[in-house]
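Next come the structures, one after another.
Look for chain A in each of the two complexes below; its partner is chain B in the first and chain C in the second.
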Partner chain A sequence: MPEPTGATPGPGTGRRIRRIAWQLRVVFLFAALAVLPYLLSYSQQEIAVLLVINVLLVSSYRLLTLTGEWSLGHVVIMGVGAYASALLTKRLGVPVPLSMLLGASMAAATAAILSFPLFRMKGFYFLIGSFAAGEIIRLIWKRFTDPFGGPKGLKRIDPFPDIDTGFLSIDFYEPVNYYFLALIVVSASLFVLYRIERSRIGLTFHAIHWQDRLAESVGVDTFRYRTLAFVIASFFAGIAGGLYAHYVGAVNPTRFSVDQMVYVLVWAIVGGTATFYGPILGVVVLTVINEIVLRALGLDTARPLIYGAILILSVLYLPNGLESLGPRLRTRWQRWRSGSAAGRREAA
Partner chain B sequence: MSRKSLHRKISRRKFLGTSAAAGAALAATGTGLPRVSFADSHTIKIGFLAPLTGPVAAWGKPGLDGCLIWADWVNAKGGVSIGGQSYNIEFVGYDNEYDVAKARTGATKLIKEDGVKFIMMLGGDTWAGAQPVAEREGMLFSTLLPSDLSPDSTTLVAPCEVHPIYNVTGVEWLAENKPELKTAAMCAQDDALGKPSVATYLAAFEAAGIEMVDAPLFFDPATTDFAPVMTRLMAGNPDILCLDTCYADYVHPLCEQAFQQGYQGQIISCTADFYQNIIEKTSEEFMEGFIFQFPDFDDPALNSEEINFVNPNEFYAEYANRYGASAWGAVSWEYASIMDLWADAATRAGSAEPAAVLEAMKADGTGKHAFGTADWWGTELFGIDNALVGNWPVVAIEGGKARIKAFKSIPAWWDQHKDLMIKHMTDLGQMWDQQG
Partner chain C sequence: MAALAQRFGRGPQGSRVNPQNERPILEARGLTRRFGGLVAVNDFSFSVRAGAIHGLIGPNGAGKTTTFNVISGFYAPTAGQVFFRGLDISGRKTSALAAMGLVRTFQGSTLFQEFSVLDNVRVGRHLGARAGFFRRLLGADRRSEEKADAQAQETLAFFGLEDLADEPVSNLPHGHQRMLGLAVALAAEPEVLLLDEPFTGMNPEETGRMMTLVQGIRDRGVTVMLVEHDMRAVMNLCDVITVMNFGALLVEGPPEVVRNDPAVIEAYLGSATADGAGDAA
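Take a look at the complex of A and B:
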């Protein structure tokens, strides 16, 4: 095999270019995210905070779906993180950053316990089982006013502590400040989720999804890997719950009902779950349409109707999700270019 | 044309349609943001932060519709006189979908971007989201649910509906007028609205000597099949079915189920929103004598001198004209009546600033409630005297139409039976100092 000459770029050069291009895209993305809140109104900054938190929620949900299981209890698991973090600060005076981590750990521990009954089931049965498990947790919050606050939930949850070093003062009541805090936490979490998916463990998740019997035949313990996916996804959902609770200052069982879970499913389905960015695309596009565009148009009361129409249209015309839109457009563009080039050649 | 090429053609059309829709949406975003206020310096904006969509919308949207009538009437008369200057009133609505986070977002938008001077809320779960904003900004808020009140929230008032305390008046009237009714069964959705109402009804039944045949049945708010709920309620053969403060989405199917399962006794409920629809689904005979707490405002009893609501019959006629008579609900008049109180206080204060209006509102410890002069009250139950409490009507459906049967005094009942109320509220963890 001849050695590549210096005049023609080899495969290593191509990889380097692609890597630099990828890094540039990441830098550009973070620059855009850093500038974004300053282009928004105050209330839109609030929406941006909740959007960033929901990005983590739906991305963590995708990790679970990698093993082929779709849960209806993920929002409740987020609630476990929110409730645990809120109670740790309210009752035990644990500092908020630590309580968020402990809350997330509690969510992960809950998932670990639930995995024993739930992963005896698969597919549709797992879906129903996860719903039932979530409802049990919600009923516990409702029934036990002490410590969970009953149907009214918990109020006056400690906010993230302000930072005041004399020359630097950060008040996390301000949405722009909390946006950056959430952005840092969520970015770090997404990086971890991304690395997990690209690792051997992530490949095993995929293998379990598509060929679980085959995976078992080569020695993969599918129960352990499913549990691992569930626990990791729940940990990050718990982080999202902690971020939510200490920003909004209140949690209640209704906030983590199956109605909210439907939104997560919709984000994932409309965005697509084949790629890492698919669900993120779903939550961003649908939130912007629902919370910013339609409100700006003064269509407050018509939003459910329009939102529903958008969902139906996207499922009909983009069955593989928004993530498939880019490749489809690219294919069409290439087809159009090759078609016009052929036309030019014919004309010549 | 081959099947494949046909498919491709449709796809292109779909693609173009999608692109056009996306373009329109982007253009709309561009033109819609930032919001431009056309209000001049002689206009005062009032925020309306309530569920306008979703299952609780029945207690938000009709209220905003009523406020629009109120604003049109007041503005047509030259506006509200404040400090020697007349101001038009403009309502700015925000749909919080009964979601705590959206309530926070809505509150900040209304205060920081729209510059409102007063915000009306339904309250309940959503107040927890707006509470930090209210405290930070010092904004005057109103709620229809005084269980939101606490000593920590000094700028929150409940100037119209003292839910669920007024429910005692319906039970008291039943006990006085139908003494043969001795037993009751009750159900409620298991949420922040259902539980304090259950405590109230339990106190009212106990005070009236009416015995519960079973413990209150709490159903999940996600319930859609009410047949088993009704079956269990009727199992004890109660004289009275109490539907507590169920949302309209529950009251309607519960009544349908009671009808289908052959119930023939008395029904009492906090609300009977859009009751004409219930009558259509059941029968006029079945709904005869149904007791609830919210009158239609074409009721002649509202023309009494004690009533402070301005032109109630005309208001109802205008409401029916604009939105249809069947759109009238429990809250159609309530937010408008709060505006009467706010306008009166702002005029007396000579200022629309929240602190000044609040001070004027509570100046002599009484206020002009829609159903007559009432007292600022609530320390024993809410930890703060920010609820305006007086008389409340008891309404019965007669011949397919809601009619006021009596006005009963809430303070009079409280003076006699407050221990019972506090006991049941405490048992269900609903006292202000028991909240999470």
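Take a look at the complex of A and C:
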């Protein structure tokens, strides 16, 4: 993007400066994230862990929306990862980090199978189809008590194993420690998601979104690419599910119901899905408002009401999401600055 | 059986286009497409010689676009076959046909409107820039991507669009958007290019430029088949013209033959006038 910079000592230098500025921003962000848990209360730390997990959930959801399809089954897919990882540790004694990967692969495989019926549909029909598919999976969890524990779900899921190397011992029962674990896993996952979007694969996803017939006519197998987006998104939703299961220690069908899916949709819509950071912004801002501000105000029963009002207001006044707020403010500031500069010149 | 005999009977008739009896690059035999009770294309046969510019014309509703949609794999034929380089391709996926070298364009400015001009053509290079998932993830596809970008630039230069590479498509005037549509298709390196109304909505100057471009594409060794309503462009550009009416073949031949064919005049002007035209002939 050609951004006007004050003095331009050659394009290479400008790019390097911008790159260093970007790297600095990332360093500051991680420093802030590292300090953050020590500024929070115990219960706020627990919320922070879930927030980090939800960042991955909503970011993986965005990858699917790049192809233009919005699913209502994403939280259920997260649940597939959670159930699979929990059962693998409980029944087969698979060690926890590995079970998370296998659980995520299970979520990805489920998506691959669901692609065949679901991607015969587009748009609204896909939305409803994905909802139905998710409900079927949830009914299976409820109906088959033997592996899945029925409506009560699975309890006493093995926690993430403690690390104890003599001088360094980390107990992941502590929210602070699990927060850092989740932060590392989620950061790595976000990096992969970002790389995918910036590669030709991302370009192809966008192309399918805007003109699937044209994409198909130049050789893009749109079914394969839709499936690919669904499978990748589901894999990372599965990772989020695994992180959740081994943190909370219990999963049940209600936890992955469509109510929870609505939250994901709200995060994505309020944040905006045009940029990579939009949905992340959405989940962070709304969680902070919901869990910290409203809780602090003691508005417990009115919280869903206020939450709904925020959604309506943001759709009305920020239809392109929170992500559009930054560029909007920047142009306004630049206009104000150039306006005042012109004013100064006139005065002189 | 009768239908089959008829279909075989059609074969040599189709090949009167190329008396040298070389195998046609694209051929339809007894192509039929129904939508419920409506027969959009009815036992339609034609063949396109390699290296030709082949026009497909006919009055509105004659089934031209449906024929294109069947050839390019958007619809499966209800009956009959399409052959590409002698291979039966009926009912194959559009993307698979593109991989074989059969690429189509669309009416109007069907483009990735939100992309830059260059990114549109980069998507067009999809087939030429293959790389595995993990290579892309690790950025190991850089060399093939740089090559794809260079080829995309080259394609843009062929259409004189290289200076607009970074413009968003939505800023482009209509004529340029149409050329870009052609550039996206050409980037897929087709052997046969199907153009759906390439001249519609263009002023005479733009039409002239587009005609030169289509000839240039043919000179690069691409066979062109086009559906078009602009008769002057079709007559000046095409080596062979197939005329459709009511979903079926009416006449096929070089422009000068088709232009004076009473059946064609009747189809376009209606039967009442055609009686007069017939008398005059």
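The definition used in the following text is that the second predicted complex is superposed on the first by the 338 of 348 C-alpha atoms of A that agree within 3 Å, B and C clash if a C-alpha of one lies under 4 Å from a C-alpha of the other, contacts with A are read in each partner's own complex, and residues count from 1 in each chain.
Heads up, the rule we're going with is that a residue touches a chain if its C-beta (ideal position, glycine included) is under 8 Å from a C-beta of that chain, and two chains touch if they have at least 3 such contacts.
Quantities reported herein were computed from a predicted structural model and do not represent experimental measurements.
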Original post:
Sharing chain A, do chain B and chain C clash or fit in the superposition?
Top reply: fit
Subject >> Partner chain in contact with A:Ser338 - chain B first, chain C second, else both or neither >> reply: neither
**OP:** In the overlay, answer first, second, both or neither for which of chain B and chain C A:Leu203 touches.
**Re:** second
Original post:
Using only C-alpha centres after the superposition, what angle do chain B and chain C make about chain A, to the nearest 10 degrees?
Top reply: 130
Subject >> chain A: partner with more touched residues, chain B or chain C >> reply: B
**OP:** Considering only touches as defined above, state whether A:Arg213 meets chain B (first), chain C (second), both or neither.
**Re:** second
**OP:** Quick one: classify A:Val192 as touching chain B (first), chain C (second), both or neither.
**Re:** second
Original post:
Should A:Gln23 be classified as contacting the first partner (chain B), the second (chain C), both, or neither?
Top reply: neither
Subject >> Which of chain B and chain C A:Ser169 touches, first, second, both or neither >> reply: neither
Original post:
For A:Gly150, is the partner it touches chain B (first), chain C (second), both, or none of the two (neither)?
Top reply: first
Subject >> Superposition-derived minimum Cα distance between chain C and chain B (Å) >> reply: 23
**OP:** Using the superposition on A, tell me which residues of chain A are in contact with chain B and, in the other complex, with chain C.
**Re:** none
Subject >> Contact footprint of chain A on chain C as seen in their complex >> reply: 72, 74, 93-96, 98-99, 103-106, 110-115, 119, 122-124, 126-127, 129, 131, 133, 136-139, 141, 145, 148, 184-185, 187-188
Subject >> Residues of chain A defined as touching chain C within the complex >> reply: 192, 195-196, 199-201, 203-204, 206-207, 210-211, 213-222, 228
Subject >> Contact set on chain B toward chain A in their complex >> reply: 14-15, 18, 25, 28-29, 32-35, 52-54, 57, 61, 93-95, 98-101, 104-106, 108-109, 112-113, 125, 128-129, 131-132, 136, 152, 190-192, 194-195, 220-222, 429, 434-436
Original post:
Mind pulling up the chain A residues that touch chain B in the complex?
Top reply: 41-44, 46-47, 50, 135, 139, 142, 145-156, 159, 173, 175, 244, 248-252, 254-255, 257-259, 288-289, 292-293, 295-297, 300-301, 303-304, 313, 317, 332
